[in-house]
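For reference, the structure I am asking about is given below.
Chain naming follows the written order as A, B, C, D and E, and within any one chain the residues start at number 1.
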């Protein structure tokens, strides 16, 4: 579920309320990073113990040379740069994905404004068009998010949640037998046909409303397609691999390079033996944390703490659209003179 | 309240009028940073006193080793980079949030142009539609800004400020008993119904005007939803934590690493004892100030000096819309020949 | 006035025609930077003279220590980074502001196409609507630009320039007595009423044209409001202060740190005494020049060489709109067979 | 074909599932980089062998001087920076290109909603308009992608795939004899004429639908033109050359500079002879990998693993549009009461 | 002319086909950079000769001190940073300029769809409107591009190329006598009048088409104005100067700083005398090449190899529009059953 913390940072006055954010666990970097950190520290400790207790003097000198070599050359990996640019791209895509989420609300507003009548057919039409919109949106979510996929493993699940009728299910099953093209947009074509029929039957009174509604249906299809394209076209694998390899080789080499060498030998920056490599751990925390930002955001429809809550959205859409196009249709409170009248 | 200073920087001629900006207090970095700086300096002084007066010679040597170690390894934290990228993202979101603020003006212009009639019902319709627009906008603000929330703690407050009638309040109360879905958009659905009725009664003379007005109402809902999404989907907590941890551990380690060591021992860059670590303080000022930029902008609807003035906006909207749709409706000064006529 | 030089850089062939740009004075970095540079050099010279002639040997050693300290620690201020990111933001805003400048041309085109008739009332309507558009644009400019403000210090000035009638002035005066809300958009509400009346009187023949014209009027109001928001919501003061403080403290510390120390003492990088710190001056030129880019662009409606020429725009708008909606209305050259006919 | 991996990174929990991505071959950086790496390692080995076995002592000293020189000055090439900025631009263009791909779906939705009738002429019209849309899209793809070009080497191929009739082929042939202007947009002009005729014959019932359909046809032409402009206007060759030269000269110089020099001579960072330059190889992997990101994305319509699957798109478009405008035309499942009815 | 190379980089498989791009001359960095490089190398050689042969020992020591000083302080100029940010801005503007190029195609499509009739007047109207569109576009190009300016030095040239009639020329001449306002938009006002007349005469059958066509004409004017604004409002001169000065002073100082000093004196990094400063030349190539990217792109309507081919566009527009609105008007191939019919 999305981790919302903007209410905690409304003012920035006393010694940084960013502090508060540091002590959160849900959605935190600690939660993401601790397994990696544990593995890293264990390996570091093992190597340290080998150096201190298992090696003879000649081996130790070799070890020290190797360590200095690793330390020196590790600085050649421009981690900040490549992470900075990569994370920028991933964060950009993440926010665009949020903005690409399709919402049925606009269509609902136009349906209730344009498709008149309180008889059963009119009500059915309004509700069915909106159900089709929700169905397409839910198909889209189920293609992107493993959580939604789990909730809707097959067509029967849609029927059970009331998004599809048995009859419609059969049509989908027939379609899927014939071709393996994506069919998430089919309900919108039906919705278009219903609108055309509603115009013919006079339930929609003017051509404008028809045009506007068809436009919104077509926008909805575009938005769903746009969202799917983030799933289909990932950040190029090459880039992700380059960044991941860079981070992990950097820390692999720091397992050697950051060992505390015998202070008596007076190597540069090794005058004292601290046993616990506190700055290396911080650096690990920092860089791997940065990489985890990218990992979390790469597929924001997954199950991470910071991912978008698709199941909530699916429920919300169903409740809201029926409310707008059916219950609240043509209803408004009495027109009264407001407080500032004259 | 927003800190406006663009009138102070209209020309850039004599020795930088940016100087003038340095001596501002409201909305200034000094005001944001002084508590942190005070804490930092106090801690620095305590550690310095311990080193100078409380430690014996062996302890001092250990202290000096530790200090050099801290100084050396602190440079491994790429503060500029991560702050630069992070602040870019936050500043980008901040400006987008400003651009996402919903304004009722466009709708008002279309209402006054399209919904004709000087009788009471027509006037009520125009005023009520605009009141509903303002109500939705105010709901949105109250969800985002603690200042607006304080002004509108419950539905009664809306009634008292004239944004809602008692009748409407009851409808909201009933709705909220049934579900906990956001209901900020409900007044816009009512507005849609009023428009449909106005067309039916001939107060709106053509289908175009209906379509345009519904479009604007739907745009307004979209803008409100868009603004709320900045509240719902924050900059990922992981990123904020990584940056904050980086800055604070950097300065925690500088508490040790930047101590002036005994000049007689001739450590690198410690030839002279200045007592006051002027450059470290500047660096603190600089980096923590940069972080404060992000803190201030992360939720621009809070109570910081630089935050958006939502309460002013709420008042302004109420005044302007009634002026446009009621008082100025169908009025314009006499048509005269202008100065350049022929 | 805007400094246009794109015609000087059309081709890039022989030893860089960027050279030519270096010898420009108007809008140049030299013109912006020389007072600062003069002050800096004077201070540098004074400190240098004190070091060379006024200090005894002990004081000189202290001075030298201090100088080395300043030099070493000045490198901790990441000037390039923070300037790079800050200037990117400012340049981005500057160009967006240019793109937010409202133009009356589109409205004029739609008015001349839609509002027919050669009688006096029709002509008055067309001219008045465009005058109102120009009036709103000019109000907007006068709120942003000190140059336009100087030209239009009060409502009387608008009357004298033919943008307002005496009658309209009185309405504005009454309005301003009642409230201190911005009123720049009022003429556009009047324009809307005129359009509604023109439709009623049949001067506009179809509802489409009405809708389109109202849309354009509403766009114009939006553009004006958008432009004003750049004035109202500046780049956060905090950010500007952090950057300015960083640049000036860097150069304050370089006043000490870049002094040429006694070569006989053989300090690092002080083997030779050049008297004139040519590279420090270049660095000053470079970094302060970069900051000046930001200062110039922060309010592009000011009086800098590079700022937008609002007064020219005001004159141009007045001439063009009357030409389009009145003189050229319904006129076009005879239809002839063109050169490639068949 | 596009390499999709977003389903592999839905959650970021246990020790980074980015690990999994490292062991992919299709679309991987390994597959792109191995030939370069092989050449590089071979050259490195040859030079190493020459140094160790073929040179006499004087030559070896010269070699060592040269090597140290190369190592020192190679650091002057700011590879990270220029790669970071260049790759940002290329990645930006790559994603914009994806977003510029024309889809016939929106047009199909509007055609089925607006062009009525089940007689043969109506069906032919709907199908032909969509065929023309697909034809233009396919022409566009064939101009950009060598894969599509291979599938459609000449006009006959279009006829064989059913995208063109013999008659239309003749028109194209005649046109191409007369001029060498691009003619990919011609089918859309025909589509426009068909729409005009359909309105005249009453198959489209209102002017709105005509306007909307013409708008969509015109959008489609714009999108195709926009996509072609990415082909016509590449990232400036100058920039690509500068980056490529920088990367390759860096590694050319590292062939000398990263040789392990005789440890007995005690050169800096050459205390130990590792034979295999593991860090240099990593650096090569890293920087050349980053460059390969750019190479892959520069023309995303090529045959790289990560490129867009145009042939799939062409097939998909043909299947979908006939389905929408013909088979599903005016059809929708029976209107039933949904699960939440009342 | 534009240098297109995307067809050369369709796949990225064997040892980088970026190699191929390195051996291009047209539009290459070599072609842009060689004069600068020649001058630089000559100056370097002269200074080198003076040092080696013309100076006595004392002078040589001073020279060496100066050289070391230059080398040390040149590193203070953050060339990568400022070039990176500057080139990003310039590349961004360059691509936006390409996207701002006005195309008459959309207007042509709407004209042919909306303005009916095969009689001479209708044909004249369609052709004349499109000629006016082309005339405005060509005026715009002639204001921006020296190549187009050369082709159209005066109004007579437009007449000769068939873009203007003698009659229209006279109107322009009269206008230019009265005012020096830009008049590139005048033909579009005439086009608007023609459209209004066509509606009145029934050649355009509905108000929609009129609105759409006027919209497109108005868009075209907006696009032309937008393009001109890139010419009018350049990247601020200050920024360009700062960057240029930075690059040239860097290399001026490197003329001294990168001289090979007497190896016998054993200065750091001067152990060996290579005579040819291969790495300095590479650095020159690299940084000046990067600057040349900016120079080339700053005015993409100039005569550089990589600039947009305006003259080609002018010819192309003339051919295409007459084809669309006249020759192909109302024509489409016979409607046949396509291959997949049933």
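Couple of notes before you dig in:
Here is the rule we go by: a contact is a pair of C-beta atoms (placed from the backbone, for glycine too) under 8 Å apart; a residue touches a chain by one contact, two chains touch by 3 or more.
Small disclaimer: the values here were computed from a predicted structure and weren't measured.
The distance from the centre of chain B to the centre of chain C, with each centre set as the mean of the Cα atoms, comes to 24 Å. The centroid of the Cα atoms in chain A and the matching centroid in chain C are 39 Å apart. Each of the following residues of chain D touches two or more other chains: 32, 81, 84, 88, 207-208, 292, 296.
Arrangement of the chains shown, judged by which pairs touch: one closed cycle in which each chain has exactly two touching partners. Beginning the circuit at chain B and passing next to chain C, one meets the chains as B, C, E, D, A, using touch as defined.
Looking at the complex, you find that chain E touches chain C at residues 32, 35-36, 39, 62, 65-66, 68-70, 72-74, 76-78, 81-82, 84-85, 88-89, 121, 124-125, 127-128, 131, 144-146, 161-162, 165, 167-168, 171, 179, 181, 185-186, 188-197, 207-208, 210-211, 214-215, 217-218, 221-222, 225, 229-234, 236-242, 244-246, 249, 253, 291-292, 295-296, 298-299, 301-304, 307, 318, 322. Interface residues of chain A facing chain B in the complex, by the touch rule stated above, are 2-7, 9-19, 21-22, 24, 27-30, 32, 79-81, 84, 87-88, 91, 94-95, 98-99, 103, 105-106, 109-110, 112-114, 116, 205-209, 212, 269, 271-272, 274, 279-280, 282-283, 285-286, 289-290, 292-293, 296-297, 305-306, 308, 316, 319-320, 324, 328-341.
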